[in-house]
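Structures follow.
Two complexes follow with subunit A in common, the first pairing it with subunit B and the second with subunit C.
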Partner chain A sequence: MSQIAIHQEGQQNLRIQARKGKRKPLGPIILFIAPVMIFYAAFVLYPLIATLYYSVHTVEPVQGKLVTTFVGLENFKSLLSDDIFFLSVKNTLLWAIAGPVVEMLTATTLAFLVYFKTPLHRFYRVAWFTPMLVSGVIVGLVFRWIFNYDWGLLNSTLRAIGLDQFALNWLGRRDTPIWVVIFVHYWATFGYSFILLLAGLTAIPEELLDAAKVDGANTLQAVWRVMLPLLRPTFLTVLILSFMGKMRAFHVVWVLTSGGPMHFSETVATYVQKRAFGWRTLDLGYPSAIAVFWFGVVMIGVALLNRWLRSRMD
Partner chain B sequence: MTLTHSKVSNWQNFLAKSQRKISVGLLTIVLLIFTLVVIVPFIWMLLMSFRTTGEILSDPYGLPKTLDLTNYIKLMFDPEIHFYTYFVNSIHVTLFSLILTVALSTLGGYGFGRSRYEFKFRGWLFALLLFALMLPPQIMYLPQFTMMGKYGLLNTRWSLVLLYTASALPVSTYLMATYFSQLPSELEDAARIDGCTDLGMFWRVMLPLTRPAIATVVLINFLNFWNELLLAITMVTNPEMRTLPAAMMMFVGEHGSDYAIAAASLVTAMLPVLVLYLFLSDKFIEGLTAGALKG
Partner chain C sequence: MTKKLYALFALVLVAAFVLSACGAPAAPETIIQTVEVEKIVEVEVTAMPESKPEGGKTLIVWWSHWANEPAKRLVIEQVVKDYEAEHADVDIVLTWWDKNPLRDAIRSTMTAGEGAPDITTFDSDVTEWVEAGWLADLSDAIAWENLAPAAKQDGTYPDLGFPGNYKFNLSATNYMLLYNPDIFAELGIVVPEDYQFTQQEFLDVVKTCKAAGYAGVADAIGNRPYPGTYTVEYSLFTLVGPDDFNAYTLGQKSWDTPEARAALDYSVALRDAGIWPDSFSTMTIDEYHVYFHTQRKSCMLYVPTWYTGRAFKPVAEGGQDPNWHPGMLRNPEMEGCKACNMLKGGFESGYAVLSSTKHPEVAKDILAFFAQPKYGALWTAVTNSPSIILFDPSEDWPSDELLTELGQTPGMWDWYWEEYAKVYSPQDIGVSFTTRCGEFNDAFTSVINEGLPQGLITVDEAVEMLDAALCQ
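And now, the complex of A and B:
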């Protein structure tokens, strides 16, 4: 008995110590936290700050050494007269607005159907998620072939059913490529939004649904009045993730169109890559300025989405 | 409910039922067509990989005449294609990034997750770490490039290992910290009484309990590392060091006309992920959900 008592007392003492934090285990704290933070500072924080620094400089390699020259806001001024930059901003914004809206509408509908156990729901759940697993490179290449003018799957199908006039050169015109990009990215990512929304639905206690039914609501009313409002936090997460995903997406566009033809499907991410490495201008200052500007836009977009959705939640 | 039902005549009941059946049937057809659009690219890719480029161009639909593995054999053994090298590079980069990520994020997660290690600026530091979830890669990768150049790491697999790990740390540490914080502190107390040091406590008592969280961290990062392209084409330009996604891109450019071989390479690159997914689909879905909803 006494041993147990001592044991318990000891435990209590330890706990009190831990809570009051009188003796902070400084050594272990450093041991556990320092490696992550040092790694993070070296490979994330430092490059982040360096990009800010680059954006007000020209950064050029001269005889194997990197020479930075301060130019003030010159890079940002040049942005204002850069037509390709404006085109890429227009395309990316179009994508980041149209993409999430379509994704939310369809993914929510699909999530509800699976939640209410429509026939074959288990199969759908696994199948719809599959594109998420595949590299953007593979997605881009396969769809480059599917949308191929001569022998692509889409045009051969259209020709086979006699709709020859709709068999366009999807990736070679000025108007269609950006929509192909939006569609393909939707194909690759809607499954993720669907799964997240389904997880949100599953987390809603069933009693609430039953209670609504006892009160005389039919399923549609229960969905509209009870489940959708409870799903709002998930909507917020999914919408922000989807929005950020489109603002930064690179793989699919790069492989599918490389921003072409004639920059008609250029996005900010591909334009940064081209200005940094593709055009042999060798200046890293200007693309850094694009990245800084764009990061500002993403932050403002996320903040606005956050505020808008939160205000609707109350 | 039963009362109202009994009032409905049998005939009306039959009509309602069949109407319901028809609408469920229609819905199923619509969903199946939708699912077909989701799956067809995979099937088409697979079919292409068993045919020749000539056949594909003349008849994009056709089925392979025989189960012809020529494309795969050529892909694996043709010394001009180097596919084997790329595959090994991808495995190398993915594996070492995973090891480093798990090591750092479990340590960090333990330090950030346990109340025992609370200190004044811990919350602030943690927020700083999570801030990176908002960062698009474009805001970091140019200095990352010059940095790797400075230390002579360009065109090495290690540049990718370091940068992939850095990109994975915020969400991984977050997942580990939440998991560690849910473990009861009695475990720590007991281990302490038995004379365990902090590191021993972490290694012998707590870490083995977090296996599910480690599995999640490994799965979500495996996908990202295996599929990454932007850093892969920026840090590595030497053909011999390319990873699969970068190689496939160049591959289709260089051997542009040989679609059959290209299709076989896509299928092979996808295979490790798809095989894992077949066996662990629930774990994948769960892991990716946790990564997003918590992170």
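And now, the complex of A and C:
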């Protein structure tokens, strides 16, 4: 009997002994998992189920009492005739498509700059990730000052260099607020994609790059033919996370424009908030229907994106 | 192995108990709450203790907004102090909030069925609280004769099937138009003897201001859904009078009428003349007060009587120089006006007793206690806002000692009240309400506060959008 066969037999025996001799300590396992499961059930599962429940109900005051009534798909039907909802969907989709593309391009470029240790690369690494550490509310407030028409940093700079005609009322027009919001959110979050991609680059084995060089590849060819293909799984993760982030974005929009003016920068998340808490009603049915519908859209979007990217990778 | 795991868990538990015992006693817990004002500021509020009798005392929990208005807090705290002094068996715990988080918290606690306070801030447009049966009827609790007559009209909802009185009002909101006398003098603008420009004269004033580099008014919509509505509201109110005005602004009447269109057209003319500041989209309510009284970049300011809450603070906190005296104007007289010389009035937030309280009689008694003339006088003297509680200044005005004790300088703001009495006292007050359904409220804000002032829509589009959202 060869040594390999003896070793395999030994391993098998050990496994059998382990199964016979040891039972899983269920008590402690439950004890340690329970807090997390209770937290998950209370703050994730229950709200999710409650939202599903309310999406097919209305909550209305009747003779001084709140009455919950089953209405089937009525709330979802109402969505079809809600112009503000469609405007918010349009804005969010625009954001979810434009945002990740811009984010991927810049984050990848910057990750390569840092990876190849361009001058000041240590500073860049810190500088580009720092916005991620700032609260969305603070980011919104700061950029509201920056985009102030009268004395904001942007318009002051434009005027100082003689470009007065480009000093716009960025947050008070039909066309610019949504792009301002997209830009500010991008500024605040692209550091996350940058760090993930940098981590992906760092994980590429040096041997592969050395082999490419031995085969006569220059740096550009090594990047194009070796590093980018190996980064694809990271791209997939980053793209999906970025897409989901845009589809759910709330803080920056809320502080910067509150969805205005006239809903021109409204997103689905801010509209749900308005319908749930700012609509002079206690009915959670309609906002829940929007949330459920959008949850479905995000799930389908992620699944399609995943499938498409995986097929491209294969 | 299992025993070791149990032992480890037990050790963690024991350590947790020991550590928690070493911590601070469970005295009032402090939480940080984010409040939106000029910018996001943090206000410390004391977490609400459970409402249960302690040592034989009845505990009343009172949630109030005005976290950022120290003068108003002073008055409420004085009332609480006086009540507790007269009622040794009652403890009142006051908690200060910003308005929106307070509303959310009431909604959460009332829906959950526990944790709600006994007394809360209440605005009469939050009809959903009334319809849900969350408010106690105050009809028999308050000495209504102590309040201005119109106070009882606010906070009653016979159309919704709730004919009781659910709101205790303590402060009036009258809609003023302030001007900067220095700028007016500089530009040669002369105020009419009756303090009221005509429609055309007012438009010319705005044009003159704009030509000299000043905004017509300072108002902006950075963090409020209403300052942009003033041009339409003031002119429409003057044109049609309070009853029709309420029908329009509550979404009960089509805006496709000559009067409504005239008000919208006039608002557009004022916009084109340069009435709004350049930072109209982003400037916040605190910032535009400073823009008017300290930076002095606008000729005028549309503002209700709660101007004093922000302006009469110390200069270092964003208040105005007490030695600078803005002038007051009446609403411009619109051509064909029905309420040519009427002041648009309303009510500030008031208080309500929640139906979930375990001590309804005590909670109502506290509000009844508040409705005394001396507190109306104290409110006016300290907050410089007109009180809804009627009082006789010669009898009820607080002593200089009390005012000094409360950090006030007696007589400091007399000039303000003298100007107010001169300009507005001869006018009748027409009461306006803000109880709108959700769709119309959103359309009103979008169209009148945002769209029209920023030139994003035409008057025809405004009328179409408002009419499409009328309340059923």
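One rule holds for everything that comes next: the second predicted complex is superposed on the first by the 285 of 314 C-alpha atoms of A that agree within 3 Å, B and C clash if a C-alpha of one lies under 4 Å from a C-alpha of the other, contacts with A are read in each partner's own complex, and residues count from 1 in each chain.
Just so it is clear, a residue touches a chain if its C-beta (ideal position, glycine included) is under 8 Å from a C-beta of that chain, and two chains touch if they have at least 3 such contacts.
Note that this is a predicted model, so its numbers are computed, not measured.
Looking at the shared chain after the overlay, A:27 reaches both subunit B and subunit C.
Judged by the touch definition given at the top, the superposed model places A:277 against both subunit B and subunit C.
Shared-chain residue A:133: touches subunit B; no touch with subunit C. Once chain A of one complex is fitted onto chain A of the other, the partner contacts of A:174 are limited to subunit C, with no touch recorded for subunit B. In the superposed model, A:243 makes contact with neither subunit B nor subunit C. In the superposition on chain A, A:302 contacts subunit B only, with no contact to subunit C. When the two complexes are overlaid on their common chain A, residue A:85 makes contact with neither subunit B nor subunit C. Once the two complexes are laid over each other on the shared chain, residue contacts for A:149 go to subunit C alone; subunit B is not touched. More residues of subunit A lie in contact with B than with the other chain of the pair subunit B and subunit C. Of the two partner chains placed around the shared chain by superposition, neither subunit B nor subunit C is touched by A:95.
The interface of subunit A with subunit B overlaps its interface with subunit C at residues 25, 27-28, 31-32, 66, 137-138, 141, 145, 150-152, 255, 277. The touching residues of subunit A, counted against subunit C in their complex, run 25, 27-28, 31-32, 61, 63-66, 84, 137-138, 141, 144-145, 147-152, 169, 171-174, 255, 260-264, 274-275, 277, 279-282.
Considering their complex, residues 1-2, 5-6, 9, 34, 39-40, 104, 107, 111, 125-128, 131-133, 161-162, 222, 277-283, 436-438, 441-442, 446-447, 450-451, 454, 456-457 of subunit C touch subunit A. Contacts from subunit B toward subunit A in the complex involve residues 24, 27-28, 31-32, 35, 37-42, 44-45, 48, 56-57, 60-61, 104-105, 107-108, 110-112, 115-119, 122, 125, 128-129, 132, 134-147, 149-150, 162-163, 165-167, 169-170, 173, 185-186, 189-190, 192-193, 198-199, 202, 223, 226-227, 229-230, 234, 244-245, 248-249, 252, 259, 262, 266, 269-270, 273-274, 277, 281, 284-285, 288-289, 292-293. Against subunit B, in their complex, subunit A makes its touches with residues 7, 10-11, 14-15, 18-19, 21, 24-25, 27-29, 31-33, 35-37, 39-40, 42-48, 50-51, 54, 59, 66, 113, 118-120, 123-139, 141-143, 145-146, 150-153, 156, 187, 191-192, 195-196, 199-200, 234, 237, 241, 244, 247-248, 250-251, 254-255, 268-269, 272-273, 276-277, 284, 287-288, 290-292, 294-295, 298-299, 302.
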